[in-house]
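In what follows, a single structure is set out as structure tokens and then discussed.
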Amino acid sequence: MIRVAVLGATGYAARELIALLLRHPEVQITALTTRQEDQPHLGDVHPTLRGRLDMQLQNLTTAEVAHSADCIFCCLPHAASAAVVSELLAADCRVVDFSADYRLNDADVYSQWYGVTHPDADRLGKVPYGLPELYREQLQGARLVANPGCYPTAAILALAPLLKSGAISPEGIVIDAKSGVSGAGRSAKAHLHFPEANENLLPYGVGTHRHTPEIDQVLSNYAGVTTDVVFTPHLVPMDRGELITAYANPGATNSGNDGLQTEELLAILRQHYADEQFIRVIEGIPGTKSVAGTNYCDITVRRVRGKVIVISAIDNLIKGASGAAVQNFNLMYGFEESAGL
Amino acid sequence: MIRVAVLGATGYAARELIALLLRHPEVQITALTTRQEDQPHLGDVHPTLRGRLDMQLQNLTTAEVAHSADCIFCCLPHAASAAVVSELLAADCRVVDFSADYRLNDADVYSQWYGVTHPDADRLGKVPYGLPELYREQLQGARLVANPGCYPTAAILALAPLLKSGAISPEGIVIDAKSGVSGAGRSAKAHLHFPEANENLLPYGVGTHRHTPEIDQVLSNYAGVTTDVVFTPHLVPMDRGELITAYANPGATNSGNDGLQTEELLAILRQHYADEQFIRVIEGIPGTKSVAGTNYCDITVRRVRGKVIVISAIDNLIKGASGAAVQNFNLMYGFEESAGL
Amino acid sequence: MIRVAVLGATGYAARELIALLLRHPEVQITALTTRQEDQPHLGDVHPTLRGRLDMQLQNLTTAEVAHSADCIFCCLPHAASAAVVSELLAADCRVVDFSADYRLNDADVYSQWYGVTHPDADRLGKVPYGLPELYREQLQGARLVANPGCYPTAAILALAPLLKSGAISPEGIVIDAKSGVSGAGRSAKAHLHFPEANENLLPYGVGTHRHTPEIDQVLSNYAGVTTDVVFTPHLVPMDRGELITAYANPGATNSGNDGLQTEELLAILRQHYADEQFIRVIEGIPGTKSVAGTNYCDITVRRVRGKVIVISAIDNLIKGASGAAVQNFNLMYGFEESAGL
Amino acid sequence: MIRVAVLGATGYAARELIALLLRHPEVQITALTTRQEDQPHLGDVHPTLRGRLDMQLQNLTTAEVAHSADCIFCCLPHAASAAVVSELLAADCRVVDFSADYRLNDADVYSQWYGVTHPDADRLGKVPYGLPELYREQLQGARLVANPGCYPTAAILALAPLLKSGAISPEGIVIDAKSGVSGAGRSAKAHLHFPEANENLLPYGVGTHRHTPEIDQVLSNYAGVTTDVVFTPHLVPMDRGELITAYANPGATNSGNDGLQTEELLAILRQHYADEQFIRVIEGIPGTKSVAGTNYCDITVRRVRGKVIVISAIDNLIKGASGAAVQNFNLMYGFEESAGL
């Protein structure tokens, strides 16, 4: 049994993570932390977990956390996370980091998009990116994993195989993304107040969303090209689920002038993901409801006029956060990749 | 043209009120106030009203308000409201008060339920209650009107005629109420955060909701009885609309041992509201969607086993707040009762 | 491994059931049936299950079903179900019946509420009612179980202990129930069309809902009294979750004139359910979201004025259908009661 | 007073239209039709209109309609509509046609996308397209107007000024569109059943939606270019509201190599719509809720990396259907353009 702790256990991704860990045959949860001064019971913080784990959230020092657990799931805000993670690694813990701190390879790009100096810049570029479908070998046995952002997960899984195969061009990629409101976190904010967010479809972060450089970096590195994606997220009046509709130009290596057609594009995806248990390449159209509550990513592709349209759907809290974390944890420890999922 | 001001113009009821007033042929809006320090433009506070009225919200003194307008719609919190209202009346303004301050007749009951000493207790018991269908004569020409609570509006319109006619007993009345989330106001709160309130049906204020004494007082005074209602509101994952399902015992004056049946009960309601343009007594079942965006109250009644079930539906922001206010305003000034509605 | 079949596998309860069975360590799904002529793949009928079970739904005869499985989960409509169930029992299968066919003890009551003559009337009164918290002993080793209705589950779990203890009176019980739309089934109907049901709170089946006699029978038998409940369900614009707000008069055996107060009432519930892993008696207020996706029933009770208010919440598709079925299955076969849940 | 009839009065657009017409000072509704055999009362078909107009829907011949009204709002399905419209025009009625029948100029394109031969092909190309902000002069005094599709309205209003000014290129335009479910009509369908559509974000009609040629034709004709838009609509779990996020390449006539930036692009829109009362060009981000229930179209534009992103929002049932129809009606008869709106 691996003793695990969850740092910053009050959020939605942490709630889903705890629910998954409670079902995992090789895991014992030994600590949950919060920075709130009172030390609330898990069942009061997450009523849906009432009766499943009799444990209080505590204000623990990093040393106390390191003492109590072998593997730490760190759900702290960016910058705060890296400061803790480096200490945990020094204390010989393993870590799955939910923040963006170890996703970008370049400290300057990090500073530019996150507005702070990186607290552990030396480690950047050496931490595997927690997308098993792309980087499984690097994740096996890893001591620290950078758990991906939700939008990058959906976008990269959709686009990476087509980009690498040359079926789409790296230039002019548009990613129109839609997410349920849980993706915006648990803090009550004016625009997320029910009567504001309900019955509202609202673009946000147009041209400024922090997942942009993450998508560019991973797509570019994986496919050996340089992308410059235009990424526009939208808030959808639903709890969970995320869908991206990506528009790309046909790639240079395409057969003939017109590029690949729908069937050929589907074949590339099917072949790429043939052995992946959590990727479902489908002929129909993905919708968020078909993946809600699961670790699946549904993907399809269409050739429409001069564009290739790739559509993918995930549950932002599971495949986009906690499920991916458990999948990475399993790879780190050599467990069955689907354990707990 | 009557010059009107809206005090506390940032909330949802104020937004709906302004939309109605902009359509009213006899009204000119001359001032909107807020206690926020910046003086935001109406279109920024309520984007749906953008382009309809080019006016900033201001921080005005009561004297400035009194100078700028003939009639004041006061959407301030309880206690704060009465303090301002008494000054406005002294300055010869007329007032429609949205707060609970002038609804209850007894200052002690007010203190008990609202937790503060009433700032204008001498006036209690002399202010007409703004339910035109019950108190039209008192409202005609009034200088101050206590605009009713949303739940009391739906509950009283449903129960008052049956109670007055003796068709139901004053003892043991249960009012199970359901409301859209806009009824909880515009301030972002943890339990009203979209991912919390969405897909959730949640009772609240069980046994403690402040509309309880208001319902008891009005029902009792109107019907000449003493009620002791049990009132349980529930939050429903929708924007607007309010429905009450009331359960009463058949009344003593009922014909025969078993009391009146559905058809006789419907006849009482139909007769009572025969001349009311905003009350629709229906044979079918009211739902909130049929009244959303309107000033209507839909009502039906059924005899089921030993109980009389009365169901009514309103739009909490219109018939339950702003629409009633405009209806009252029309009675105060002698305009057509439906003007602007 | 028990070989199981699901008859009528296209509905929502069947979908949830299959998801639970796929996680059950002692179960192998061997057949899924439908009366649709084409034999669709499970993943096309329930896209969320795509990739989890590679099986087509088939049109099987009862004999074929009996041949392929040891235990049958029968999700057929009432009347159709009993006809099949009696054959399955004759073929030595065990059955969990989701329909209402074996819930009522009296064939006349059945005919009156369901409008048909019971096809297997001799068996009525001999089939255990599948509420483990009340009838565990009868369910252990049973060959046929009548899986309860969703509303009866929530209502009976809330009221039965209080009724049996004499804390509430059997007379004048009102059950105001609220359900997400999945409770109305999967067939597209005009009033369940999204733009009709969304943003709508709608009472239905007022005084006529078929769960009324089921609630009366079970409450009366269990507590040794005679109830005559008034039951009013409401459709709530959300997927899943069911909450009942029940109003009862204090019982005759109550201490003093005024009856038991909140703390004493809570103590009765806590004691009654002390050993039950799926019942959470809480001091706070149950909401549907806290039980969604789980087999839990959250319950609380309040004394308010002259009434006792009992509130309970379940997931209508799990504790109100498929989860209860798996719990019953576990009792029938002597597995751990929470297996698969 | 103009006598008006509404043909096919059971749908959502017709419901909104009737509500608007009831407020119009120059209109008298003289007939409502349906092809349903019973002749239901308007209040039963559209409960929200109960009490506002005491009229039955009737099965009228075209001659009867022509006799009863001066102007006909025709809400019939495509092909069925043109057959009736040509008769109504022959009988000297004026017509606002909600169908797609007179929107496309080319009978072959119509056949290709709508799958039928056009019943009144000679009139194609001579009917003004009912977008007053682009074609006001042609609409003034018109006898027949082709009321635009909802998606084309939002898309064309956003893109046309930028395209005409050369700020964006006609090549490679992507229109990612999102709509509330009322846009799919009132017929209950499996994928629009509440438990299917709720909590679901679902692309549909990818590459095949019939609004594609309509958008291309109007954009191309208005701007004197040739577009080949890629149009992808998505179903959003909300009642009403439509938002398009359009991605275009900077145009050839742009200043410098990099093209116009956000401020310059906004200036083009502001100047173009300076005199338009129903277009609100905003610096912030449009959301559907800000336009719900109104005839407004909110638009903004951003330069992001290599793309120009244009975002617009309308209420699909009002500016996207009934409101536009009333605006067109006002132009046909010379009334104030905002009458009834």
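Going in written order, the chains are labelled A, B, C and D, and every chain counts its residues from 1.
To be clear about the criterion, a contact is a pair of C-beta atoms (placed from the backbone, for glycine too) under 8 Å apart; a residue touches a chain by one contact, two chains touch by 3 or more.
No experiment lies behind these values; they were computed from the predicted model shown.
Peer 1: Would you identify the chain whose Cα-based centre sits farthest away from the centre of subunit B?
Peer 2: Relative to subunit B, the chain with the farthest C-alpha centre is A.
Peer 1: Between A-D and C-D, which chain pair is linked by the larger number of C-beta contacts?
Peer 2: Looking at A-D and C-D side by side, A-D shows more C-beta contacts.
Peer 1: At what distance in angstrom does the C-alpha mean of subunit D lie from that of subunit B?
Peer 2: Here the centre of subunit D sits 37 Å away from the centre of subunit B.
Peer 1: Using mean CA coordinates as chain centres, what's the gap between subunit A and subunit D in Å?
Peer 2: 39
Peer 1: In angstrom, rounded to a whole number, how far apart do the mean CA points of subunit C and subunit D lie?
Peer 2: Roughly 47 Å separates the two chain centres.
Peer 1: Two or more other chains touching the same residue: where does that happen in subunit C?
Peer 2: In subunit C, residues 180, 198-199, 237-240, 287, 289, 292 touch at least two other chains, as defined above.
Peer 1: Which of the residues in subunit C come into contact with subunit B in the complex?
Peer 2: Answer in residue numbers: 171-172, 174, 176, 178, 180, 196, 198-204, 206-207, 228-230, 232, 234, 236-241, 243, 245, 247, 249, 285-289, 292, 302-307, 309, 311, 313.
Peer 1: Which residues of subunit B touch subunit A in their complex?
Peer 2: 12, 180-182, 186-190, 192-195, 197-199, 237-240
Peer 1: Could you pull out which subunit B residues touch subunit D in their complex?
Peer 2: Interface residues on the subunit B side: 47-48, 50-51, 199, 277, 280, 282, 284, 287, 289-294, 296, 298.
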